[in-house]
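Heads up, the thing below is written out as structure tokens.
Chain IDs A, B and C follow the sequence of writing; residue 1 opens each chain.
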Amino acid sequence: MVVALSALLAPWLSPHDPLEQDVLLRLASPTADFPLGNDSFGRDILSRILWGGRVSLYVSTVAVLVAIVVGGALGILAGYIGGLFDRIVMAAMDVLLSLPTLVMGLLVVAMLGPTVGNLILAITLTAIAPFARIARAPTLTVKERDFVEAGRALGFSNVRLMVVHILPNVVDDILVMAALWLATAIRTEASLSFIGLGVRPPTATWGGMIREGFENILDTPWLAIYPSLAILVVMFGLNMLGDGLRDTSDPRLRHE
Amino acid sequence: MSDVRQPALAVEGLTTEFRIEGRWHAAIRDVSFSVARNETLALVGESGCGKSITALSIMGLVPKANGRIAAGRVLLEGRDLTELDEAEMETVRGRAISMIFQEPMTSLNPVLSIGFQVEETLRYHTSLSNREARERALALLEHVKIPSAARRFDDYPHHFSGGMRQRVMIAMALACSPQIILADEPTTALDVTIQAQVLALLAELKAETGMAMIFITHNLGIVASIADRVAVMYAGDIIETASVEALFDHPMHPYTEALLSSIPRVDRDAGELKPIAGQVPPITAMPAGCRYADRCPLRVARCATMPPLVPLAGDRAHQVRCWVRAGDGGQTP
Amino acid sequence: MLTYIVKRLLVAVPTLLAVLTVVFFFVRIAPGDPAFIILGDQASQQAIAAVHQELGLDRPMLVQYLDFMSTVLRGDLGMSLVTHRPIWSEVANVLPYTIELTLTALVIGVVLGLPLGIAAARHRNEALDYAARVFSLLGLSFPAFVSAIMLLLAFAIELHWFPVISEARPGDPLSRVSALVLPAINLGLIMVAYVMRVARSSMLGVLGEDYIRTARSKGVPARVVIWRHALGNALIPVVTVVGLYLGVLIGNSVLTEIVFNRPGLGKLIVNSLNQRDYTMLEGLMVIYAFIIVIVNLLTDLTYGLIDPRVRQR
């Protein structure tokens, strides 16, 4: 939460312009004015971390939201309609799943070019299949339950049935997944930026900052360490959130 | 039944508690009974009355994370099982006392062959060689009438029907000829015809081996056909114990009466079939006095204190825990 | 069991064909003419046409597709645009390094993760369990390149226990081992976190099952109850996660190889990206698809080995 807030408020919180360069302050040690020091272009590291979080969170959140909507809709439709449509959709999802997340992201961005839109697309593609699967399973069971049968007998439209009866039943599972996948998305985004396929410099991203820091790791390891810590805190927080959500949404609690 | 014989198993003042939201609550309280060789004692009561907890307490299988035996003794031929540590208890379980569980569908390990599961009991309690253990296990499976047991020895539980699985469970329980067998609703999950077969098998095996049996059930029909004596439990207490004949002919406790009139019987009008009004009090809010008082038509002021389990004047083996009924000597049913 | 294996193989074949089809179309649909990528924006029409012809891009889509499928299935991945050597030989050069790395990580993950997960489940809500859960959450939170950098900083740069640039000198097995240690620990520890987590949760589930109580009621010693009766059943979700994690592992090995400057598929893919080696990328995608399909097949076969109920299907 704190991280999300600080990312949102980055424009007001950060003491300096993340792009502002000051040659005199190249690789300077922390001072009161620049609490985490400066990087190789003399830019303020704290400000860059705050702004970098903005990019990472923006890309990841949008990607996961799109994946939830597309994947969730595909999963519910596949489960509800069944038959050939179900088979085709799930086969397509299996194919999507068969390429490792990062490799897939790499290829999409490499082929299409490293823009924010393409990054979102790449991450979305990797996350659709799991959401489709998790939305389909409960749909299959809910579909068979009496109240849906009853609704159908009363002549409610399919759309209405799906929205009113099935959607609430899959929301819990999707929320838990969303927290965990947001973490995965941030990791993918950071990894891509680290490889050099993220949002183009000079825009600050965590992965990109770590990459720059890593190039000088022998002399100035802190350039890589601060953004690494930022990623760790966010990931840890999201994983805890996912765990917590699961514990509250699953009273049986025999699960993970 | 003569009472001079030393009982095979005696339970004295057994109290088992569970921790719920940080506080310990008794699931069974001051439970005492005994069972002799060649005798079948039925423990009867509604689900949740503590029958199964009693059995698990005897076996030392109460989950340690949130349960404990708070008081009492479980005497197996004079030895107190509650004093034993886990390793010693492992040598008792399966050898001296065995248990048959309610759910044949889930009580067998799905990834191990049934032959192996029967053999395993022998492996830890006897010095038989692997081959001898296998032969004995096969003989046991044949004994419990598994058709073509030799061919099915290496099959897995999912190949078997519920009735067949329960036979496998019985073979496992009998493997080391235990003195006591605890049968926890062994037929509840089975079809009626299979139920009768399994009951007949149990009765036959008991007659053959002379072991004692504690048969847990909520089904009074089964009690009449299999048991020698009955102990009725309500909300963690034994409220009445008697021979089968005495209990069915002269039920003393109002709860026993109500139980008997809540089952359909051929010799009565359907109009007499009465469900018991009200609910069993929850374990976290047990009244201090008689636990049946809230639902009892005979309630008097004295019921606010717990009545003791006392023998009737006319039949010392017939005991009842009721202020109203214990006093009149068992003359009025 | 034999029929089960044959069935799984028969299912794997269409999956592989579908994945290859997707690879083919994905590469074709991607905007940007490979000729431009190779020659730059200023290329002449003739040069572009020549490249098209060299790559076979001037032929109809269907012909290209059939040609692609038949050559790939014959094991021919074509030539690299940059080095002009067969892609298969480029891959074969580095594949052993990646396999060595991922297998070591896998072994570390299972050998440490499984007993830890089981111990955590047996001592639920005790100190060990809390420590294990915090560790696994941490492990899940580390992007592979972040943990790699930290390991590198701590053990290579500060402590000098291992070389900063892990280079295996030919003919020197020791250097190969020391080059493997940090990268394998990096991938392995993350995997320990995954395996431990799922082993703990599935063990907790299994320990509450009726058949565990049955085994205890037979007087089976606690140790045997855990390792024979519970583990056999608890292993099934663990296998699933290991199978799924192999996909993550392949992705993470890319990052690990970059940080430790280690040869492998990961470095090959990044180099081809930088050099716009279009045919190489296509070939690598095919390789990855093959690997994943094989991993899935192995996962399915392992299920069959563990669970007699699966064998029947």
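In this text, a contact is a pair of C-beta atoms (placed from the backbone, for glycine too) under 8 Å apart; a residue touches a chain by one contact, two chains touch by 3 or more.
Predicted model, so just to flag it, every value in this text is computed and none were measured.
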item: Number of steps on the shortest touching-chain route linking chain A and chain B; value: 2
item: Chain pair showing more contacts of the two, A-C and B-C; value: A-C
item: Between chain A and chain B, centroid-to-centroid distance (C-alpha), Å; value: 55
item: Computed distance of Cα centres, chain C from chain A, in Å; value: 21
item: Centroid spacing, where centroids are CA-atom means, of chain B and chain C in whole angstrom; value: 53
item: Of all residues in chain A, the ones touching two or more other chains; value: none
item: Complex interface listing, chain C residues touching chain B; value: 124-125, 209-211, 213-222, 228-229, 232-233, 306-309, 312
item: Residue ranges of chain C in contact with chain A within the complex; value: 15, 18-19, 22, 26-27, 30-32, 137-138, 140-146, 149-150, 152-153, 157, 164, 197-198, 200-201, 204-205, 208, 247-248, 250-252, 254-255, 258-259, 269-270, 273-274, 281, 285, 288-289, 292-293, 296
item: Residue numbers on chain B that touch chain C, as the complex places them; value: 59, 61, 65, 86-87, 90-95, 98-99, 101, 103, 106-113, 120-121, 124-125, 156, 158, 169, 172
item: Residues on chain A engaged by chain C in the complex (per definition of touch); value: 91, 94-95, 97-103, 106-107, 110-113, 183, 187, 190-191, 194-197, 207, 210, 214, 217-218, 221, 224-225, 228, 231-232, 235-236, 239-240, 243, 254-256
